[in-house]
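Each structure below is given as structure tokens.
Note that chain A is present in both complexes that follow, paired respectively with chain B and with chain C.
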Partner chain A sequence: MFRYLKPVFAPLTAVALVMSFAGAAHAKVEGDTIILGAALSFTGKYKTNGKHTKNGYELAVKKVNEMGGINVDGKNYKLKVIYYDDESTPARGAQLAERLIKQDGVQYMLGPYSSGLTKAMAPVTEKYKIPMVEGNGASRSLFNKGYKYLFAVLSTSEQYLAEAINLAAQQALAAGKDPSSIKLALAMENDPFSQDIRAGVLDDAQTHSMNVVIDDKLPKELNDMTVTLTKVRALKPDVLVVSGHSKGAATAVRQMMEQKVDVPMFAITHCEAADVVGKFGPGADYTLCATQWAETMTYQDKYFGAAPDYAKLFEKEYGYTPPYQAAESTASVLVWVDALQRANSFDTGKLRDALAATDMQTFYGNIKFDETGKNVAKPMVLRQIQSGQYKVVAPTKWASDKLIHPRPKWSER
Partner chain B sequence: MNRRGKTALYVAAAIAALLIPQIPLLQPYLIQFAFLWVMILFAMTWDVMGGQMGYNSFGNIVFFGVGMYATAVVQRDLYFTVEEYASVAGGEQAALTPVEYLIGLALGMGSGAVLAVVIAALLGSGILGLRGHYFAICTLGLGIAAGELASGWDYIGAGSGLVTPLLPDALGERGPFFFYLFLVLAMITFAALKRLYAGQFGLAINAIRDDEDKADALGLHATRYKTVAWCVSGFFLALTGGAFGNLVIFIDPTDVAFAGPTFGVWMVLMAILGGKGTLWGPVIGATVFHVTQEFFWIYLFGWQRVALGLLIVVVVVFFPLGIVGWLRERWPQRFGEVVDEDARRVQVSLEGER
Partner chain C sequence: MGNLEILLQAPIFSVQLLIDGLLVGSIFALAAYGMALLWGVMNIINISQGDFVILGGYVTLTLYNAGIHPLFGVPVAAVVLFIVGWVIYRAVIYRVVDRDLFISILATFGISILLQQLMDQIFGADIQSVESGLGQFFLFDNQVTVSQIKLVAFAVVIVVGVVLVLFFKKSRMGQAIRATAQNARAARLMGINTDRVYAMTFAMNAALCGAAGALVVMTWVIQPFIGLAYTIRSFMIVVVAGLGNIAAVVAAALGLGAAEQFAAFLLGAEFQIGFVFGLLVVILLVRNMFLKRQRQVLK
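This part shows the complex of A and B:
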């Protein structure tokens, strides 16, 4: 019988040999380098934001290493991140999380881009008890599962556009009208992030008893929303809220401009990441943009100084103004640095506890996690594009300029 | 090789595969292998229609997605209410006991498979009257339509997706569990298809591929056979989908379940790469595809899709019959085809004279 086994074992050994060369470096700490792992969207529908996320991580790694690295247990270590391309699909994301942990031996994870990808990877990191600090998964559904190894530096998605709804209510009151007379139009991409934003907006609308006249689900890869805009023309809502990552932002602003759709208030997410000002110039004016971070804020830390300094450094390095996706990614690395120093150990259990006890200020904002792992120390801000500049208009504490309301009609611009 | 030798070879291959998790060097790669078994299942189930019967189906991903959702929904509804699950899914609060998990998984996969067979039978009796290209175009829309339907249905999570229960700790690590689950599934599928191809069913669908009109004229109920073939394909694909949902944990309607542009296209590619219409072709094609893909992902970072595209072009241009098809043409005797040397010489000399 052995005669027949031969042809089976030959290829099997070959496969085994090949695979052992395929980079099975079991490395959480290699020599004087601490290895972090991340699966990001370098291709596919999230590739713009995947790039912002990577640049954010890389800038932090570079700066921390330049400033002498991290001291753990009396020895200095440099940081390094291993990246894979998740191609913007959750199936690949879960596979890569597994690969980073099991094959590459990564013990310290950084988050992917988008709630969907984070949703796919978090159960895997949780199962292996590997801590993950993320800055780009905002859906509330990530933080009601009792995850113990997931930490998010960003504000959750229901807060993104809450300020816009509040502003609309204030404007109604100021005009002597009842907020319940406001007609709301929603156009949300059909993905975990935007659907969670929708849930948040609906909650807020309910507290003000506002009337939702349009509630559209838009496809992923959002390239056209003419149908929604036609409805907006017909039903004349007071507020139009759109969310759909960078593509959604660009499509919404472009088609509002091209089709000259007038609506008193227009609020979206991802303005900066989509660079709507650079793309559409004055056409993007008066748009309200939800942002996790603004470079005009006054937070600071020892690595990057204040927020404007970070913005300057980032621009010098990568040639564009950092969107908040990059800033929150940088902050995620800073959280790891802080935790490694405080834990003074490479043990994932101790590091998890150190992460849970995080209480720090970064250029990006204050960071302190609640028991579910989300950051509760930092507000969302709302900016309005005025003459091509992003101006903070809410909340009042950070507002630098007054809201221009209602948006001037296209015929009057 | 004689019959006994062949059997010994199969048994040896099966044992070797089952022993992989015992090799320490390969242990970190078990999930990678699980994905490989999934790829093999994709290619094998596609080949029932595309290879053996000559009906290119681009809609098989529907059965995969249906199986996945059916399993996840059964797993959820057995132990939770929809609202309750939405807030705890995927976390510790939703932890199941090993027995609950296995019952849910088995019942779910079973009902997914039954549902897929019903759908294949209904759809098949409707559209399998179409021939060749018309059928292919018709199936192209199915996957997209299914994805859109799933994206809009709140009961199964709509666009926000659905999270499957986590593997209980008592059942061991994810690696070995899913390795064996998919390996056993792939082995059963392989054995079942081998058996089917060897019998009357295999002859019938091959006849349909070779000349449907003649087969029809000889009294073969072509549409009936075609529908059964699609049901077979759908059955195993739904089982794969059900288990796959538990492997990736997060089900996105268009990117994981009804992932036409990735899995839906790959299953066709892998079967063609290995040699469609052969027993081992899909297995070899899927293996080559998966391994090269993983390598491209590491070493050609950012260019992996370009490299994969080039590979496909090279295969289609230089090996239109696929790997096994090419080997078979080179060394027909090895595949049990008898070449009559004298007759061949006569033929060659005749050609020379002409």
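This part shows the complex of A and C:
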């Protein structure tokens, strides 16, 4: 039967093809609107952070449009973002990147949430030479593949907890001890992200010639750290660093508290996402938390003012304090705005070069990309939970409060 | 082997590992009871076992958020999951009971995906946990901590085990379940409503998982997508213990729990799960050898 339909199909297919190309040619800028594309996790395991990311993008778009939009070649343009749900699965993310570029004709991409999704989408954007600015893919492996069209505004994962090691070294020096006398304990989830963090920590530990006494890789399937904590009790390290997304953060804080494990310095990631203060109250005190950004910092830009102003606006708009995932998403849009204005063109090649030459300050921090596309101008921040409040304690330049060191013993609290 | 030295020089830490392993194992034992029951009676390997556990955790979390002490979650989650199990049996499982094992694995895999997504929609993807308000026992100059909630879990497992044994021995339904497990066709000929027996079995399994989930959320953390770990663990326990014996299930669960704690301490946490799987292979090989020998004798 298909044999007879062939003559009908062929022209139809041709028409469809022509139409899709015609659509592609116009879709990047429609009238006075510049279209950005993003695949985000609205369902599945990343949906909370997917929402933060979307809110971050939307707030930036709203603010930029309110302030007159973007001036390119003497004409004012508004911004708009097309979203798809990637269902928190990398394979779907890659498909959607393809779809955004080929079918919707998007020429300017914003990143998805998580390193895994970014890793799936980057090869696609690279293939079509479409620049992507992202704020939620921190894995080191994104920046050693020679990608030319990927730009990340956030600090990469090996920087996440390295600051804690430097802080421990400073504390040792201040106490008149040699940093090389410090005993380190590491408990990192066995996934690429946490293992990147581990590599960064080990690098810094080596510079101070510290002694790594525990180096556990926590299985992903596991949510029990008792064994590692038993080792901590036996070996009494000076610093314990843990990374394992929200699950690792919640498990570590909870079991440290329940088993009354004393360690002078305890640093983790994802405190905010795991809501350790809300869940464990005073049990979470004195924990050091790595964060990309804190709303108490003093960076600023013309769209949002300083970080506290951004936080206030975000809270008014969405009813909750912005987590750093939202802030870095907003910053990604600001990078696009800056590049479009500097390039003064819609040509993706020129825009790529403009992005590569980015050197700006936003409320989120300074942004300047190295040749691999990662932001080298912004340090990670360490906050310590003090009486249920997050206080910036490192790096010293941005610190608003003093580190309480060592952590008080459980018996003395 | 620096870690072995620690254990030799300070044997007190091996007490900690042993106690923790036994108590952790007891929580897995509950879900494993259910799996053994289901597998033995209905010849179904339930992939959604772990998702029932997590669902039980969410039931407890809901109670906790409503201001009710989470310990009540153990019976309440069991009852709620009993109903859920019954509904799932009536909707899906009864169609696949007598079919190929592969079909039921697919069906329960589907249920697992459905439950995960529903939990994600209703409760969100964030990590959740519940404070039982119970403390710790500190023994041997604070060198060994025993969390009281894990002791409660241990007690629950023992009580449930005893109740189950009595139920199977004494009650009419228990006897009917055993008869159906032995020979469904003969049981049907004797006037047993096997469809009802199956529904009961499936619902009881879900209830056991629910109770386990209540203990899990008080001991660790839950999230809609981490159920599979519990499915695999219960599967493994059942494979080691065999189908028909509750005491063996408990013993296997506790033994595996303790073994993996020691493995994690000595080899590093990354080998914790790997070690257990390795052990499973060894046990299967050894069992196979024994079974072969028996067969030869029977000839």
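Please note the rule applied: the second predicted complex is superposed on the first by the 378 of 413 C-alpha atoms of A that agree within 3 Å, B and C clash if a C-alpha of one lies under 4 Å from a C-alpha of the other, contacts with A are read in each partner's own complex, and residues count from 1 in each chain.
Rule of thumb we're sticking to: a contact is a pair of C-beta atoms (placed from the backbone, for glycine too) under 8 Å apart; a residue touches a chain by one contact, two chains touch by 3 or more.
Keep in mind it's a predicted model, so treat the numbers as computed, not measured.
In the superposition on chain A, contact is made by A:Thr251 with chain C only, not with chain B. Of the two partner chains placed around the shared chain by superposition, chain C is the only one that A:Thr230 touches, whereas chain B remains out of contact.
Between chain B and chain C, B touches the greater number of residues of chain A. Of the two partner chains, chain B is the only one that A:Val124 touches; chain C does not reach it. Contacts of A:Tyr147 after superposition on the shared chain: chain B is touched, whereas chain C is not. In the superposed model, A:Lys217 lies in contact with both chain B and chain C.
Judged by the touch definition given at the top, the superposed model places A:Asn190 against both chain B and chain C. Once the two complexes are laid over each other on the shared chain, residue contacts for A:Tyr46 go to chain C alone; chain B is not touched. By the document's definition of touching, neither partner reaches A:Glu315: not chain B, not chain C.
43, 190, 217, 219 are the residues of chain A that lie in the contact sets of both chain B and chain C, per the superposition on chain A.
Partner chain A is touched in their complex by these residues of chain B: 1, 5, 8-9, 12-13, 16, 23, 25-26, 28-32, 35, 86-94, 151-152, 158-161, 163, 166-167, 174-175, 247-250, 252, 254-256, 259, 262-263, 291, 294-295, 297-298, 301-302, 304-305. Contact residues of chain A toward chain C in the complex are 43-48, 187, 190, 215-219, 221-228, 230-231, 233-235, 246-247, 250-251, 254, 258-260, 273-275, 279-280. On the chain A side of its complex with chain B, the touching residues are 1, 3-5, 7-9, 12, 16, 18-20, 22-24, 42-43, 83-85, 87-91, 94-95, 98-99, 102-103, 105, 116, 119-120, 122-124, 126-127, 139, 141, 144-148, 189-192, 194-196, 217, 219-220.
Residue ranges on chain C touching chain A, taken from their complex, read 3, 6, 10, 13, 16-17, 20, 24, 117, 120-121, 124-127, 129, 131, 136, 138, 142-143, 145, 147, 220-221, 223-226, 228-229, 232, 261, 264-265, 268-270, 272-273.
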